[in-house]
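Just passing along the structure, written as structure tokens.
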Amino acid sequence: MLVAVIGDGFCSSETAQLAEEVGRQLAESGAVVICGGLGGVMEAACRGARGAGGLTIGVLPGRSRQDANPYVDIPIVTGMGEARNVIVVSSAQSVIAVSGGYGTLSEIAHALKLGIPVVGLGSWQLSKDGWDKQVGITVATGAADAVRNALALAKA
Amino acid sequence: MLVAVIGDGFCSSETAQLAEEVGRQLAESGAVVICGGLGGVMEAACRGARGAGGLTIGVLPGRSRQDANPYVDIPIVTGMGEARNVIVVSSAQSVIAVSGGYGTLSEIAHALKLGIPVVGLGSWQLSKDGWDKQVGITVATGAADAVRNALALAKA
Amino acid sequence: MLVAVIGDGFCSSETAQLAEEVGRQLAESGAVVICGGLGGVMEAACRGARGAGGLTIGVLPGRSRQDANPYVDIPIVTGMGEARNVIVVSSAQSVIAVSGGYGTLSEIAHALKLGIPVVGLGSWQLSKDGWDKQVGITVATGAADAVRNALALAKA
Amino acid sequence: MLVAVIGDGFCSSETAQLAEEVGRQLAESGAVVICGGLGGVMEAACRGARGAGGLTIGVLPGRSRQDANPYVDIPIVTGMGEARNVIVVSSAQSVIAVSGGYGTLSEIAHALKLGIPVVGLGSWQLSKDGWDKQVGITVATGAADAVRNALALAKA
């Protein structure tokens, strides 16, 4: 099972704690964590997963494997900037968004377009005339609920 | 001036009329239209621009230039799937979103992340705790208003 | 007709003259020139095409349209680094390689893989055990011969 | 240590045996194998690595993780077609090319452009006027020699 954790490269310590707990519980469930490989939410999720003995993949936007946070086991170096966001979510069987800005929003949108389930923790609310409110995102109440949903909804 | 028009590959005739009018007015203002090169909003915008003597660029997700709608002058063939959305907006000096689904949402998010102004016509409403409502998108009242805003806000 | 001219971002004045002549003759034949948008061979080809009233497209590796050489009419901003090489050749109906280093070699290889004809002017010689010598590249004797071949071989 | 093994998606049984031996010896040396994730050389290298208890990463060109050969542990789904070749080599600390066609040639060229060492086993011979013959590729005499060179030359 491969689950993406997405969110800002810089975040509050509260958000980082949440992301670390998500990473830890994913690893304890035997899931591999994939993320954008940088700081903030990505680093916290990798730290949590690594602490629980899990494997972590970081899909980097830049050209150097040295850009990866210290808890990434396998850095994937794309050199493709924002386009790497597509790879993070396409590679995942489900996605957990922890807060996040516009980059995270692009990942949520790509995932929903590709039919990959997205679970949100304090992340974006989306709406559009003629669509249901909170389109496409499963809102979770905490780290445990997010991980449970991400594993239950994961596509084959 | 290079302006992106983004939206669904399939759309209602009302939305198509709006997109065509946007394309026409962009071309009349001397702007080149760039889009995803397929049908729906993309085709309508190109048809409008072409009808007014404008130049149109279509950045295609697939591997064949034959995928372009008949009003694309210059098909750019990426073979990169969803990642081509990044190119559509990065190449533009401003973006007009006409309605649109998840793919359009990903383009809006990439544009905002990259600091490229986005004008919306019946498109997504975004919100997030602690952010202002309708984050980052300038809402337009019609085709003329959208084009006026897109030209006024365009980055160098 | 859309023809790619590929080669180094830095080149000798002899190579630049050759590329400029290729660009000029392509434009005189009514072809649009597509290239990587930077200096050297790319700039010379665009200068030649522009001087003959042609249209030029530059597919840039970086994130800024300001990176384009001054003879690019339409800068396509990819932010995808080396991966933009794939787009340069996939978008073309045939490719003319003027000298060139490893980046050019990658474009030649991508073109041949995708079935897009490649004409070489002082460019790479390729061989492999069990393959014919000068695999896949049509060697031209000068600018006029290169343009003639690129137009004759161009795919639909 | 992350080493790429590149080569054709379809290959002779001799080439497959060579690739499998390369994969096996890489895993025995503690290296992780990264490849394009499909059949032929890629599958043989993964089978070899997996048989020796190693970890394997497959960077897929298509949109489905189901495209991966059965010996890939971590499928990275790019949906980016040929552009995924850039990611295979950028992510590696060195590259071993086992025979191979135009796609492999594009990977060799991208690697050399990015300064990533390439070791060849019956792969392409490159030359260019004014460059040394067999530019940039270290020719190996067999699987053991290829692995030894790839580990010795690997960049940090």
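By letter and in written order, the chains are A, B, C and D; residue numbering begins at 1 in each of them.
By our rule, a contact is a pair of C-beta atoms (placed from the backbone, for glycine too) under 8 Å apart; a residue touches a chain by one contact, two chains touch by 3 or more.
The structure displayed is predicted, hence computed values, not measured ones.
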Among the chains, which is located farthest from subunit C on the basis of C-alpha centroids?
A
For the chain pairs A-C and C-D, which is connected through the larger number of C-beta pairs in contact?
C-D
So, in whole Å, the Cα centroid of subunit C is separated from that of subunit D by 28
Between subunit A and subunit C, the Cα-mean centres are separated in Å by 39
Considering subunit D alone, which of its residues make contact with at least two other chains?
63, 78-83, 86-87, 90, 114
Make each chain a node and each touching pair an edge, then name the shape: line, ring, star, complete, other.
complete
Residue numbers of subunit C touching subunit A in their complex, please.
63, 78-83
Where on subunit C does subunit B make contact in their complex?
2, 32, 55, 57, 59, 63, 65-66, 74-80, 83, 86-87, 90-91, 93, 114, 156
If you look only at subunit C, which of its residues touch subunit D in the complex?
80-83, 85-87, 90, 99, 101-103, 105-106, 108-110, 112-114, 122-129, 136
